[in-house]
C-alpha cells in the first residue's frame, strides 16, 4: 500500500491550539476585576474562588480547554462527561462593587510551558475584556498548623501595597522566600508585562490538608476590597472538620513534623 | 567551515506535522458512526474493534502516523516494516445498519498533549466524513476478576442515556470515579465540543490481563445498537483460556490482590 | 519599569527551527543511495558509517543541527568547538558503483518526537537530492557474545528481500521481535511513506559493548551490494581487542548474564 | 451547553512566543562584545557577569522572558514581583575599551530544546545589535578544591587561540572532555553558525560550592581582554569565606571525595 494509491491528507487538518476557549456569552463589563483561584497549596485558591462563584451566583460564560491539561473527561452523576477545563464566570457590580470575573477550574497546566501558555492566554483574555486588575488567590504553605491565618500579598506595583495593607493584607519581607510558582505567580508576572495591575493574595495554610480556613481568610480580604457580602458559614464548618482531623493526626504523629524548608509554594 | 561557503537551508524543509493521515480511498458514507478501539485497560477496546473489523471484513482506507507515537517500525513475518500507526476502516450499512468507520491501532499518544493532538485530529476527521456519532470502546478496571462484566456508559449528552439503557448499557453513579483518561475520554470531550454525539462503552475487566471477555461484552452492546451480527466464538475461546490462567494464578498468589483504588482508567 | 518605556520586541525574532541544515555544497548526484549510521545498539551503525566515510574519503557537504540534540558543543584538541550534529557526506560512483551519501553523527534525537522530526527531515532531504534507496545500519542486540554475526534485514517492500538475500542478508521471522526503534526504523517507515525504497541492515551484537565485529559484518554486505572495496583491517583489529576484553569479563562474571528479553533495539 | 450557544474563540488569541524580549531602550553601540553569565557550575559565570554589571554600572535595556524558564515570579523586599528572566545591560566603551553588553539572569532553559531556543534567540539579538564577539563565562568543575584556578578557553575559530593565550587563557587538550553543555556552549555553537566569533572562558572550580574565586579568575582575564578596571574586593572576600567553609568541611569529610569523572559541565 503506502506509496501506491495513497495520498497525504495534510492540508485539511489543523493542529489543536494550545488553548481553546468556548464562549457562550460575551459579557459587557465595566473595567472588571478578575479573580483567579485554581488548584494549588491547600487548594486555598480554588476553594475561595468556587465559594465566591456559588455565593454570588456568578454566571459561567466561557470554558477553557487545553492540551496542557490532563487528557481526561470527568463524569457527572448521570454519566454525562465534560472535558477537564478552566471556567470563567461573571458577576455584575453595583455601586462601589466592581464587575467581577472569576476564573476557576479542575487543573493548572501540567508542564512549565503549559503553565506559561495558560496564564498567557488568561492575560490576553483579560486585555480583551478590559480587566482593570487581576487578583490571584493561593495558599502559602508554612509547614505547621495555623490558628489565625494571615493573608500575605504580592503585587505587580509598589503603589498597590498601601491600599492592600488597609484591607488587612500582610507584606512580609522574605515571605514567600522562593517566590510564587504556577498560575497565581505567572498571571501577576505576565499581567505586569502587559500593563495590568495584579495582586496575589496568599492565605496561610499548613500545606498538609485542603484548607477551608485559608480560603476563608482570603475571602475576608476580598470582601473588604470589593465591597461584597459573602456567607462564609459553609467554609467555616468545613474548616472545623479539618481542624478536628488535623488535631487527631497530630496526636498520633507528633514526632514527625516536616521542616518548613521542604515546602514549595504553588499558587 | 561554518560561516564561509555554507548557507542555511531553511526554507526548503518543513517540519513534520503532529499527525499525518495517508488516505487510500475516500469512502462516501451516509452519516456513519465511528467506533474507536485503541490499546488501554485490559486492551478491551482494541480487542473489540479489531474483532469487529475482522468479522465484517471492513476495508482499511487510511493510515494515521504521528510524532506522538513511539519512534518505531514493526516487522511482519517476511521482514517488511510498517510504521506504528492508527488505522481507519469502513463497512457499509444496509437497512437498519448504519455505515460504520472503525478506528484501531498500535498505540495511543505517548504524552498528554500527544493524546490531545491525536484525538483532536480524529474528531476533525469525523467532522470531515460526516460522522453522526462516536462510540469509544474501553475497559473499566475493577481490580478483581469479573464473571459477568457489565458495560458501563458515559455520554456527551444526557438524552443518550435512555436509548443506551435499552441496549444494556449501565449508568452507575460514581463509576468510573476518576473519569475517563485517554482517547476514549478525549474523543467524547472533543467530539462534544465540536457538536458530535459521543458515547463511551466500558467493559468491566480486572485490569490485570488482556481481557477478551470484556471485549465480548462491549461487542454484544454494539451488535444490539448497530443491528450487526458478529461471531464472537474466537473471543469466547480466548476468554476461557485467560480465565483458566487467571484462576491458576489466583490459587498461587491469593494473598496479594491490589486494591481497587490503585487502578486508574485509561480507555 | 515593565509597562512604561518598554515595548515587546516580538516581530523581529523567529523561533529556532526543529532542524537546521547548513549546506556547504550541493552535490549533483545520480539517484544516490543514502546510508545512515548513527549511535545505537553496540554503536554498530555509527562505526560502520564512519569507517565507510574514512575509507572512501567521502566529502562532507552538510551539517544538520537540531534542538532535539543535547544542548552541547564538543571540543577538538585545539579548543575549537563544534555544535553536536549529524553530517552528510557524498562519494561519487563509477561503473556499477552508485553515488553514495553517508549520514553519520554524534546523537540521535533525544525524545520520541525529536526522533520523528530528525528522520522526517532526513527523508525530505533524500527526496530533494533524488535518493533512490535508503540503507539504515544498526545493531541487533542478542544478549550474548556472537562469534559470526548474521546481518538481519528489514525492508520497506517485499520485492527487496530476494535481492538482499543474494548478498547474505538474513530475514528471520520474529527477529527483531519488537521492531526497530530510532532513526534506523523511522527512516524506513517515513521513507516508505514518501515512496522511497528503504532497507535496514542489522549486525548481530551482544549489545554489551561497542561492537566493531557487527560493523564489519554490515559493511561486508554493503560492499557486496554497492560494489565497493573497503579495507576492514582497522575494524577487525578493534574487534579482536573487544573480544579479548569480553572474554576476560566473561570469566569474571560468568554467572550474571542478562536475559535476552531485557534488551530493546535502538538502531 | 457545549455546542448550543457557544462558539470557539480561536482567532483572537495567539500562543505565547517561546521567548519574549521587552526592550526599554535600543542602545546604539559600536560593534559591542556580548558577555554571557548565567547560572551553572559553581555559579562562576553568573557571579562574574553580575559583578561586572555592578562595577561598571551597566544599564539594563531589556528583559527576556520565556516559557522555557520555570513558571515562577520572585519577590523583592516590598512584595513586588518580577517574572523570572534573563537581562541585557550595556556599558559604553571609550578608547581601547569596546562597547559591552552583559547578559545575566535567574535561570537557563529548563529543557534541552528550551536551551536551544533561548541561545538561538540570544544569538539573533547579537546579530541585530551588531555584536562583534561573544564571550560566555562558566565554571569548569574539577572535583577538588582549587587554589589558583586556571581559566580554560574554548573558541569558535582557531585564529582566536593565540590572542586569548596572551591574556592568560589556557587551552588544554581534553579539557573539558565532555564538551560544554548549556548556554555557554550553545551560544558558541550557534554564534559560529551565524558567523559571530565566540569564546568560552571557564574558571576552574571544585563544582561543590558557589565559587567567587573562579569568577575572579574569569574577570581578571576579561579585564585584560577588554581594557576595563574592576574592583574585585567583594569577590575576594566572598571567596575567602567559601574557602574557610570548604576547609572546615574537608576536615570533617576528608574520606569521601567524589571522582572527577562524575562531574559534568554546565556553563
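Quick notes on this structure:
First chain written, first letter: the chains are A, B, C and D, and each begins at residue 1.
Everything below uses one rule, namely that a residue touches a chain if its C-beta (ideal position, glycine included) is under 8 Å from a C-beta of that chain, and two chains touch if they have at least 3 such contacts.
The model shown is predicted, which means the values in this text are computed figures rather than measured ones.
The angle of the rotation superposing chain A on chain B, based on CA atoms and rounded to the nearest 5, is 90 degrees. Because chain A and chain D carry the same sequence, their contact can be compared by residue number, and under half of the numbers here are used by both. Chain centres here are means of the Cα atoms, and by that rule the chain farthest away from chain C is A.
Between chain C and chain D, the centres computed from C-alpha atoms are 35 Å apart. In whole angstrom, the spacing between the mean C-alpha positions of chain B and chain D is 49. Within chain A, the positions touching two or more other chains are listed as 2, 8, 20, 22, 156, 192-193. Interface residues of chain C facing chain D in the complex, by the touch rule stated above, are 1-2, 5-10, 12-16, 20, 22, 65, 67-75, 77-84, 110, 114. Chain contact summary for the complex, chain B toward chain A: residues 17-25, 60, 62-63, 109, 112-113, 115-117, 119-121, 124-125, 128, 152-158, 161, 171-174, 176, 178-183, 185-186, 188-190, 192-193, 198, 200.
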